[in-house]
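The letters A, B, C and D name the chains in turn, as written, and every chain counts its residues from 1.
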Amino acid sequence: MSLLRGKRLGRMDSEAAAFTASVDRDRPLLEAVIAINAAHLVSLAKNGVVDPKDAASILSSLRSAPTDLEFDTSLEDVHMNVEQYVSKKAGEAGGFLNLGKSRNDQVCTALRIVTRSELLKVVDAILELVESLIDVAAENTEVRMPGYTHLQVAQPTTVAHHLLNYAGALLRDVQRLADCYKRVNLSPMGSAAFSGTTVPVDRDGVARLLGFDGIIENSMDAVSSRDFILEFLSGALLTQLDLSRMAEDLIFYSSQEASYVDQPDDLSSTSSIMPQKKNAVVLEIIRAKAGTILGLFTYAATIVKGLPQSYNLDLQEMNSYVWMASSDLIKSLKLMSKVVRKTKYRKDRLERGAASGFSVAAELAEYLTLKHNIPFRKAHHIVGAVASNLPSIYTFEDIKKMLVKEAKNQGVRLDLSKLPSSYDPSTSVRSKKSLGSPNPLHVKLMMNHMRKEMKDAAGWARQRALSIDRASSVLAKESNNIIKEVRK
Amino acid sequence: MSLLRGKRLGRMDSEAAAFTASVDRDRPLLEAVIAINAAHLVSLAKNGVVDPKDAASILSSLRSAPTDLEFDTSLEDVHMNVEQYVSKKAGEAGGFLNLGKSRNDQVCTALRIVTRSELLKVVDAILELVESLIDVAAENTEVRMPGYTHLQVAQPTTVAHHLLNYAGALLRDVQRLADCYKRVNLSPMGSAAFSGTTVPVDRDGVARLLGFDGIIENSMDAVSSRDFILEFLSGALLTQLDLSRMAEDLIFYSSQEASYVDQPDDLSSTSSIMPQKKNAVVLEIIRAKAGTILGLFTYAATIVKGLPQSYNLDLQEMNSYVWMASSDLIKSLKLMSKVVRKTKYRKDRLERGAASGFSVAAELAEYLTLKHNIPFRKAHHIVGAVASNLPSIYTFEDIKKMLVKEAKNQGVRLDLSKLPSSYDPSTSVRSKKSLGSPNPLHVKLMMNHMRKEMKDAAGWARQRALSIDRASSVLAKESNNIIKEVRK
Amino acid sequence: MSLLRGKRLGRMDSEAAAFTASVDRDRPLLEAVIAINAAHLVSLAKNGVVDPKDAASILSSLRSAPTDLEFDTSLEDVHMNVEQYVSKKAGEAGGFLNLGKSRNDQVCTALRIVTRSELLKVVDAILELVESLIDVAAENTEVRMPGYTHLQVAQPTTVAHHLLNYAGALLRDVQRLADCYKRVNLSPMGSAAFSGTTVPVDRDGVARLLGFDGIIENSMDAVSSRDFILEFLSGALLTQLDLSRMAEDLIFYSSQEASYVDQPDDLSSTSSIMPQKKNAVVLEIIRAKAGTILGLFTYAATIVKGLPQSYNLDLQEMNSYVWMASSDLIKSLKLMSKVVRKTKYRKDRLERGAASGFSVAAELAEYLTLKHNIPFRKAHHIVGAVASNLPSIYTFEDIKKMLVKEAKNQGVRLDLSKLPSSYDPSTSVRSKKSLGSPNPLHVKLMMNHMRKEMKDAAGWARQRALSIDRASSVLAKESNNIIKEVRK
Amino acid sequence: MSLLRGKRLGRMDSEAAAFTASVDRDRPLLEAVIAINAAHLVSLAKNGVVDPKDAASILSSLRSAPTDLEFDTSLEDVHMNVEQYVSKKAGEAGGFLNLGKSRNDQVCTALRIVTRSELLKVVDAILELVESLIDVAAENTEVRMPGYTHLQVAQPTTVAHHLLNYAGALLRDVQRLADCYKRVNLSPMGSAAFSGTTVPVDRDGVARLLGFDGIIENSMDAVSSRDFILEFLSGALLTQLDLSRMAEDLIFYSSQEASYVDQPDDLSSTSSIMPQKKNAVVLEIIRAKAGTILGLFTYAATIVKGLPQSYNLDLQEMNSYVWMASSDLIKSLKLMSKVVRKTKYRKDRLERGAASGFSVAAELAEYLTLKHNIPFRKAHHIVGAVASNLPSIYTFEDIKKMLVKEAKNQGVRLDLSKLPSSYDPSTSVRSKKSLGSPNPLHVKLMMNHMRKEMKDAAGWARQRALSIDRASSVLAKESNNIIKEVRK
């Protein structure tokens, strides 16, 4: 006889059972479900609701549950499997396991426990990548490269500045996830099906034993809401989108046409028909994964849209999307970190690229304004006219002459004798005056700020993990006390 | 030494290898990949490009490959696993296996083979559901039920009419998939990496051996395009959306408030805390799956967007989405078919619901126009005024009196003595004059049309399956001939 | 001659110009663009980069720009229109307007200004709805209603508890947006095209004049990133999803079948053919808008995915999505607030609904455990068996007898004489012991917490608005000082 | 007094009215709505349901309605505006306008009329682009260019082959839309609210007068289904995705690093700060629009998901998405056509690119197999080993020597004296033997096939347009007859 259907309903159609069961995807919830059961029982026992002996039987059977507990797929989900395990071990006492709780509050509590732990792993992996970016940037503050808009070489920048651009975005991704954590780490336990229970449960106490920072007060809200999953998926997606842009850049730099970087052999593949190929496949998959996570998010949002209040089984479909997203994201981050550390920058090609396409035009226009007080828009037109008449081969002296001539055409007398006779990417980069520019002085400042922010974030993550561990120890201890007390 | 990397590249980083490999998701492609290799070799042998002996060795090793061939996960994908198997079996001759082809054309040919087969399975499952709908409709042409707009009871309809509403939509889903089939069942083989090959391959011949209706001519288009996957996913999504609407309706009809239908016990679940519950969980999961498939579609579209020409590994990410979508959809269709056949309609409740909310108001307004030549908008106002003043309990005679009075207020003299003294859902339904209405006469006509369309579609699907089977026999025979010829 | 193309490029194809221009959608950016130009010029003048006379000319022309400035659609966007206006007013001095900045930093600064202001409006509208919910809840703490899981009546709850369920979710939406604000309110100005400028701009100073809390340091990150838009859209989407669920619930409650609530006439529509209908159209559009905003989010994420570094015109496509989303959301919130205040609850129907479907079964099972020490799972089976044998009409005394009998069947002797002779929704609700339950005591506590959180959030929003206003005054004053100084 | 609310409901809240009205987006439906009303009345008059005089009044007022009919925004939508216009013109007779129809069938009929017309415009624009591609291909069959996989130069191809790759994909897009047309061009008229009407309407006759190929039989299906919009959006999206890939390719070819093509000045823009820039902005917007249309599709799918049967106002939200998508798509197609015709190919750069990266490696490996009977995988290894040891500068003679040496290492004796002393992209391309390859012979064949398919498709589109025009003439004539008859 089924644990749940009892005498209420006959046997379920086997295809329907398989279709509606989540047991094959529930494994990652197992540990959390066991902990939740333990915390709930400890609290009931401490408050005299369940007899210590019964509680002790349940708690020791929970303690004995192997982490690879074999699942009976004919039971619907992880919850019923744990209950069955306990029933077998603890006998009739096991029947008290679900007093004052329901799968509705239990499943979203377990999801929150798993989400917070995945979130912290994601943060660690982002910070590892940020560190790689800063480390490699530190070695490349003087390596000029072309900067782009519209995939056209626009102005010179440096490899360091370019890499830190990603570090900046990734640090905001960390912030965002840390903010999300506050809304994840709240306990629904004690909400039961959605309207609470007549059993005198201690919601705050259970929350503390499970390492939560508080409870979701309204019991219907507690079991219905999946905003914490959507917010986490959104944070994961934004991070993966940053990676996808980085991947796109590096794939372009690796093309024969650009040849700015050499991808490491051990992160590349070759072709089944073209033996000369070296393909940046890791980057391609990282780029594609942004699509996957967007798919997961879209899916989850569509599920939730227009769903009536409280629990509907539709919600079950989105559980596994938490770990699917975090697993893809964490792998992407770790591999991107390897890519960043192992990519070789071809300085000669980069320097040449940085100088191509008359990339110092904007600085020249600014020079005309700052030194010759020509209104910027006019300076822009003068330099623009020179740009459109530039022969395919030219020296900087040619440019100077053309500028003087063009200025004259536009009614401006120009004496460029003070302008140095060469004006290359290095000059351009060093002449930048605005905070956050590729000027090595600004880049060093930026690295200091970023290292500090990275350290603070790592500290935050460590604190969170520690606090969870502490709660876990307390729960183990209290559970043991109850068991020991009875055995005496 | 890796088959592919050979002396070209050293060993791949193991995390990168795992991240970029598809071997763990490639199993459903295995059979197709073996067939493609066989067809390719048969064709090369017949055209004298590969020595019959070498071809025979390869062909017999392919023939011997078990359907559950164990995959070496250190090889990237199904293609390399098959090649390795052949190499081991056929020795040096195995080296000819990839002459004149590439994984690029092979993978999308295999995907097309799998997609066409999944598509035909989906069509069968839709038609099974259509048949269930028509069968149940046939028994319920005289069972009135409330019809809704805005979830408000609007006008009476019948259970048959309501069920056929879905059948109509599902038959268009079948049409759409059949149209899609034309674009799926084209062969890319012979396109090699994307620019064809110097090997004199017979593209049309290989296509025929694999049961394709033709080739995708331009070799770059052939390996780059994944429109057939997107179109299939879109067709699957539209079908699942139809199911999601049907699920929503049935969930509402099953609520205590409506109590119009009884869900079968064996397709329902109960609660872990509320023993009295009977939940229509199968329908909830069917509804949720529309989200899943939308997620898959969104993901696939995002992958393709802005992807440069020819093959990029990003495309690999979407392969498994074909069978993920079709598996969910087929299960949903089959279970919906069971739901349709087993749901019990509560005629008394339905009849009462059909009469509630003054649902014959529109017919009355039409009556006033048709019989009394009152402009319809005026008739609408007269009936509307009656509606808003209707007491909570009333007889049809009351309504008649109110109509006469209200008409008088609006300056119209009305003699309703010919209006029958009761006007119920049954009268309403029978008085419908427009084709396609719930009038049982129209419903019977509709069922005939639908049965015919269903039969034609089933015939089409059978023809397609037959034609694939025939090609498969030819391939087996030609392959055997080559093997036998050599053994002589 | 075009301001920008100057002598560089000839005239643009008119269709291409219209296709790539954003001028028709840029109006909401106008005010921000003017402010940015002013702040930039004030800063340049204060630091002696631009001559005070030139600065004064520009600043007074900016000040004179009408809020409904007519746009010349042949110019690409709002930036060029403002520049052209200034050029006409200020003459040659206008040419200094763009010294040390670019459309790249200007457009995302303007977007951030608009986003922060829309975000604050959204927060106000959410809080208005939260207040309505709490107010109406306060009047309905004693009104029982059916609570659902799987759209099946599950357990009694109260109208107050149900409404506060949404208030709880909405307060998290506010939190989320407030967190987002930190990442929105940072200034990119001074980043120019993406690599900063040789003009000595004061990034921190300009940021302060524009009411920002800081700068986005890395100049490439500053102009490339649109994570603030995605995060805002995600926050808006999550809020609209909460509204869509609320709308779904209310549409169901308004159906004839449920008849639990009466929608106000002035928020309903009728039909063009069925005069008796009253349709909850406002709620339907609110539900649909969740789709719209998901579309906007998907769109924006797809745009950003795989986009190369720095500015690409693709990004322009997503600008207007900020105000499209916030406009839909704010209207939805305000109308939902009206709906909440005007909806009439039909207490008799609700009370009856709350009692339907043996909704107190779970409490009974808990009673058996708490009072008779029967293991909960066994109690669940006993009550379940009673549920499945319940006749269509029964009294509570009948249930008691059946319980005793069923318990006996399962080997348990039960004396239910202490169980009250009736056990209705009111008893059920009052017997709840867990925080956050529908028990009126818990509900009152909850309302206090929520009112406090609401007040704090409103205070935060007011502070932010004030701080923006203050910056705006300072900017106006400094701008005036420069103008006055010159006129002296 | 409102036309509809009459005495049924009081005045609607003005914000609610604005929120739920579609009048501001309905303009594109106006012409169709007028035609539908006319066809409906003609049919009613012919069948003697409406008095010829009343019909004539209505028909002449419909005929007089200006195409820029001013909309009264206080009326909900286009339907009520047309009805009001007719009421004013035709007096009391106007009240017969809505006899036997409802906004529910009328709006989806109008949407189908607009969708089919937009669909035909899209097809024309695709075919125009296909023609441009074939024309430009015809001039470039001998221009070699690098072909890519993974953005790495892989094998030589030709500009013609590359362009035809898109033409092939676009011709499938046309096919797909033509298939979609069959499901769009069906009439819902006569379904009324969803359950038909007691008025003896002639559904087939009205359908013919409106140029439809048939009717959607089931009246509930007819008004509920929006699959025709989703299918059209999906077809539009797949087309735009093809354009996005083409745009991505061309943006890359336009980069300084590649410098393979010159974008026309009149389709490019420059920068507000960097006067030397020439940005392919048209292509960027085309790429971005794939995101927009995906957003529209996602939105529409989300709206439909789980929506209850028959009409709900949610559906109104998706109406305008038909013309939003087609407008973006048509502009994109027309501009892409200009881009294709005006882009200049830099033959020297392309030829050099085609030869870079040892791009003939695959052909060499095939050569070793075909001429020297070395198993392909072994040949692949030999060439691969040479590839990885290739110095940065080398001649083909060097390669030959290295091949011989490497073969010897692998135990194979090789005499390459028959291999020509140079092996360049031109040789490579000409040596291709597989249909559909860049070999100019294959390319010419392909162009013939494509021109034929293009012509057939254009013929189909012309036929469809003609058939709509014919119906429109018949309707005008019959309408005039009725008017004239009465005037006699």
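What we mean here is this: a residue touches a chain if its C-beta (ideal position, glycine included) is under 8 Å from a C-beta of that chain, and two chains touch if they have at least 3 such contacts.
Just so you know, these numbers come straight off a predicted model, no measurement behind them.
A.B. asks: Keeping to the contact definition above, tell me which chains border both subunit C and subunit D.
C.D. replies: Looking at subunit D and subunit C together, the chains touching each of them are A, B.
A.B. asks: Check B-D against B-C and say which one is joined by more contacting C-beta pairs.
C.D. replies: B-D
A.B. asks: In angstrom, rounded to a whole number, how far apart do the mean CA points of subunit B and subunit D lie?
C.D. replies: That gives a centre separation of 23 Å.
A.B. asks: Counting in whole Å, what is the centre-to-centre distance of subunit B and subunit C, each centre being its mean C-alpha position?
C.D. replies: About 36 Å, centre to centre.
A.B. asks: Show the residues in subunit A shared as contacts by 2 or more other chains, in ascending order.
C.D. replies: 4, 6, 8-9, 98, 104, 149-151, 154-155, 192-193, 252, 270-276, 278-279, 281, 284, 287, 290-291, 294, 297-298, 301-302, 305-306, 312-313, 362, 380-381, 384, 387
A.B. asks: Considering only the defined contacts, which subunit B positions touch subunit C in the complex?
C.D. replies: So the residues of subunit B touching subunit C come out as 146, 149-155, 251-252, 254-258, 270-281, 284, 298, 301-302, 305-306, 353, 356-359, 361-362, 365, 380-381, 383-384, 387, 390.
A.B. asks: Quick one: which bits of subunit C touch subunit D in the complex? Just the residue numbers, please.
C.D. replies: For this pair, the touching residues of subunit C are 4-6, 8-13, 15-16, 19-20, 76, 79-80, 98, 101-104, 192-193, 264-276, 278-279, 281-282, 284-285, 287-292, 294-300, 302-303, 312-317, 331-332, 334-335, 338.
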